[in-house]
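Okay, structure first, notes after.
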Amino acid sequence: MRKITIVKNYLKHAEGSCMFSLGETKVLCVATVEEKVPPFMEADKKEQGWITAEYSMMPRSCPTRISRKKLQNGRAQEISRLVGRSLRACVDLEKLGKRTITIDCDVIRADGGTRTASINGGFIALVLALKKLQKAKLIDSLPLKGFLGAISVGFVENKMVLDLSAKEDNVADIDMNVVMLDNGDLVEVQGTAEGHTFSRKALDKMLDSAKTGITKIINAQKKSLGKI
Amino acid sequence: MRKITIVKNYLKHAEGSCMFSLGETKVLCVATVEEKVPPFMEADKKEQGWITAEYSMMPRSCPTRISRKKLQNGRAQEISRLVGRSLRACVDLEKLGKRTITIDCDVIRADGGTRTASINGGFIALVLALKKLQKAKLIDSLPLKGFLGAISVGFVENKMVLDLSAKEDNVADIDMNVVMLDNGDLVEVQGTAEGHTFSRKALDKMLDSAKTGITKIINAQKKSLGKI
Amino acid sequence: MRKITIVKNYLKHAEGSCMFSLGETKVLCVATVEEKVPPFMEADKKEQGWITAEYSMMPRSCPTRISRKKLQNGRAQEISRLVGRSLRACVDLEKLGKRTITIDCDVIRADGGTRTASINGGFIALVLALKKLQKAKLIDSLPLKGFLGAISVGFVENKMVLDLSAKEDNVADIDMNVVMLDNGDLVEVQGTAEGHTFSRKALDKMLDSAKTGITKIINAQKKSLGKI
Amino acid sequence: MRKITIVKNYLKHAEGSCMFSLGETKVLCVATVEEKVPPFMEADKKEQGWITAEYSMMPRSCPTRISRKKLQNGRAQEISRLVGRSLRACVDLEKLGKRTITIDCDVIRADGGTRTASINGGFIALVLALKKLQKAKLIDSLPLKGFLGAISVGFVENKMVLDLSAKEDNVADIDMNVVMLDNGDLVEVQGTAEGHTFSRKALDKMLDSAKTGITKIINAQKKSLGKI
Amino acid sequence: MRKITIVKNYLKHAEGSCMFSLGETKVLCVATVEEKVPPFMEADKKEQGWITAEYSMMPRSCPTRISRKKLQNGRAQEISRLVGRSLRACVDLEKLGKRTITIDCDVIRADGGTRTASINGGFIALVLALKKLQKAKLIDSLPLKGFLGAISVGFVENKMVLDLSAKEDNVADIDMNVVMLDNGDLVEVQGTAEGHTFSRKALDKMLDSAKTGITKIINAQKKSLGKI
Amino acid sequence: MRKITIVKNYLKHAEGSCMFSLGETKVLCVATVEEKVPPFMEADKKEQGWITAEYSMMPRSCPTRISRKKLQNGRAQEISRLVGRSLRACVDLEKLGKRTITIDCDVIRADGGTRTASINGGFIALVLALKKLQKAKLIDSLPLKGFLGAISVGFVENKMVLDLSAKEDNVADIDMNVVMLDNGDLVEVQGTAEGHTFSRKALDKMLDSAKTGITKIINAQKKSLGKI
């Protein structure tokens, strides 16, 4: 597994922020708190909050420059939805109150694992924003179900690899992203075999390995954030 | 599990087509063959074909009408990518030759499971198109790795449910989509716990159930398509 | 004239719907009722309802696939406006009350005459929706001025042809679409000579022929809908 | 009928141009010649030219300002198509040769009849551009089938009105646009009864009146252009 | 300096308008008054008005036709912002009251200096609209700080040129636009050296020359508008 | 003047990059070299290169979050054009050869002066990319006319301020951006008086002050880049 680096409060004026690095992958995760909920929630008249995420590559985050018009493509929207869903899974939205936290995940440098780095760094930004709300006495306690970590795992030439780099990802037969709470409960399992297939046995092996990786991630988060 | 209905060759002028129903869910799946590959494949100079999919709800496929401007949203793009990836996994792209098959999946009526219905019906349209290519002697044999089926499975009030309807899906704690070949190999596993989490044990149980469901789907496909 | 097929209530959950076929042309027409009027009517403070239509080809409705981005082109907008205007002409909007009925006309298969099929099928969907409103006691009687039918007529190699197929339409010197009430009053007359011109005499002949065709269309509508 | 004013060569650098006024309605019509044909004609490998038109209101052409984003709406596209089709009907595209003439019709002031003013002024701009091509010996003779004129006619409170102003148009029960060659042959007939219907007899009366009006228009064109 | 022509009230139905020509450059400037302010001003709760401008080329304003899709490009937006800012600088927005004046500047013909012509003509349209407000007793006096003029000045082959034509502009080493009040105070100074640089001395020389030019412009405005 | 910090080669895989900070303002500037020129240059058949820039705020670079859809607004396009023009002014495009260098300037944090920081940091990224080209022997020498620096200067409550922060910028009566070579020659002068005006004397004072500031900027660039 690659080296984890967490720089908390990278943007001092934001409610929560962190520069999260996983090896050469570097994602700026920033939390914005707004005292309103999206229209569809207003319509539902539910007394709860909302957490959403927006993921975007930066134009030169990759070896080849990507045109700004192509940054908000289908892949980016798919990852935005995954990050938002994952972060919502670890928060009690009713206790959050009628407010929205938006997590912007901008990929400064992409070397594989940008979606898991976004979830991991997004969690840090989210917790920092929640702490700020608590400090301002807008919420009593942190409405969290636990720490949340994510990792990718796959098979490259029949060998299992945890936390794939871009180079490994490009040649991987299978690629799985796993999101987990610190109690071991699963939040998301997305196993994809681009041009290949995989057995139940391989799935099990990957899930075991992912658990080990996520434990390391969550330990780094705990070290950075302290008790929550 | 809900009733499966397959109407082959729904659009006689298309290379392959099928109206696929799963209970009240109804998806029109149409295959178009073009004798060219996308620009990114041309650039790679690979001697192989491509399979892609486009998924879209129709404006009044749901109880409430959706504005046409909102049909191509992030969710639709995410499902388009899933359907395309799944169909590519069961085809030998090199044997397909330098041509593109586009599978349009238009949801006439949505009552849960539209993405799995799109994969199941899309597979039928794809095979019909491949058969047409074979008949025209453009390919020697069908470049298929096997039959491909997909099903959703989830937990509703702590009870496992296979093939969720819209009503069940809305209250499900966990929702998993599984794509599998007829030999039992996995193609995609997408487990999502919107606002909840799930244990490894629940995951295993859902995978077992999905296998049973997909077997039924593939049997229906086999009955409709004959030998491939 | 080609064979007319009407499948009422194709989408049971919609307020009104019908699959309308004219030979190989097949259009899904669906009516949605909303208890509000568009902003420009709100501004006018008129106490009346509104009827609007949206026409769209489906990607593989034609022999060649059309990219989804090109479906909402100028031609589609022109036809949407024609269908909406025609349907408004046969309804007493004041009696309809402050509600909007949107008629979605999605062309499943195009073989000429898709705009007239949209008007004919759209009328069925509209009436079914109005009947539903009447049954729910939201309106007293059906606010209709009569049955509404539409047909195309043209000249191919100096020979008049009623209800042109795509093949005929492509070589037609003149193409006219006529919309009429069952009492013979005209609603729309759109005669177009792409690259040609036509005499008053030819116009008269075409109008006579159109009347015969529309009578057949309206008879089929009456058979399907019963008394209105 | 309102006063016709034609200012030829309003933009000296364009291949053809004219400021055409019909009462208070004022449209700037400009012809651009390009030595290429659109992609769909290239694909057809036809040895002929193309004529197309683009119609647009200007933001403050109406009593109320229109936002620039709303200028290119469905109505504008419908009119663009009508103007282009009408102008193509009076030109022999094969004799034009493989070039495209684009007629831009920008409405400086709208007081009813902007689409017919666009056709009338567009014809002048087109002829001027063709004359320039002839002078440059790129074509031998003007590939024209005759003069082309257009006029609107309708019924206001059961009284027929030729060349409707905006005020009249707003209260008209029926509105018809007629495009005709100077030999009396019809090019386009578009009769619309917004919220009303009209009899065959009324149609005939309007066509007779339109002919008188178009004769006056064409006389003004002849006076401005000389022999063609 | 090229000939200045001002045609006041070109569009009689608009609150203020003027066709402003500077040699072959011709811009239609139209003022629209609306009794509301933009959302960002509403949010600020300031009791003042707003002036904004929209600049656009017309498709055939240049020797080569510009596609309508490319008219609202970065350059047009930059000029719109410059015109709006310049006009705001000469008006007391508090005295204007809570209303918005939008100045549309549509370039009929471009031969260099379209942005300065837009400011000069826009000022005339603005004053005419203010006079209308005064006449309607909506404002007591014209809330103006003075007359406003603009001119371009540059160096072509080491020779200073005032009021550059398109031909001169294309070969100019330096291009400066200056906006000034009639008391000599500066409103905007935009000096640009595309591919070149310029000395402080050259800047001073250009500013002196611009002042002379703007004086002539303002004299023409005074002649057209009378006392303000 | 605020503290200048330059982190060279922030993105090791890019041809040139730098994180440029001016007090709390922080801009990531990245150079991408492509061995092709834009279509308009191909059309001109000039044997020279091109330099272009794209400026964008990041969603949470400001105290309030900006929606991603609003990041590419008129202001951003105006600044992109300014940065590109300024950088082109210091390079000999013929000596650069037929290649394009794109400078992406993404504002991580905005506290005033983001456009000047983009020019200053963009210059560093550009030089690093040129050095890489020289090292790869694609160019003989660095095609530079000198160092390039930019600074803002304005008047706040009648007091001149160099290098305005966001707080100062918001209350400034005048705001001027100056771009200069190290030999003192001017590249861009953009003086703007939002709602105010300024005298020639004030302009002169600001230009003097800007020169002092730019000298400091260029000294920092020289320290970071060494000899060029």
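Read from first to last, the chains carry the letters A, B, C, D, E and F; within each, the first residue is number 1.
Here is the rule we go by: a residue touches a chain if its C-beta (ideal position, glycine included) is under 8 Å from a C-beta of that chain, and two chains touch if they have at least 3 such contacts.
Just so we're clear, the structure is a prediction, and the values are computed from it rather than from any experiment.
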Selected interface, A-F versus C-D, where C-beta contact pairs are more numerous: C-D
Counterpart interface for A-B, drawn from B-C, C-D or D-E and sharing over half of its contact pairs: C-D
Separation of mean Cα positions, chain F and chain B [Å, integer]: 50
Separation of mean Cα positions, chain C and chain A [Å, integer]: 50
Distance between chain centroids, defined by C-alpha means - chain E, chain F (Å): 27
Residues of chain D whose C-beta touches two or more other chains: none
Cyclic chain order - from chain A, heading first toward chain B: A, B, C, D, E, F
Footprint of chain A on chain F - complex, ascending: 11, 13-14, 17, 28, 30, 32, 34, 54, 56, 58-61, 63, 65, 68, 72, 102, 104, 106, 108-109
Residue numbers on chain E that touch chain F, as the complex places them: 73-75, 77-78, 80-81, 85, 88-89, 93, 145, 176, 181, 184-200, 203, 207
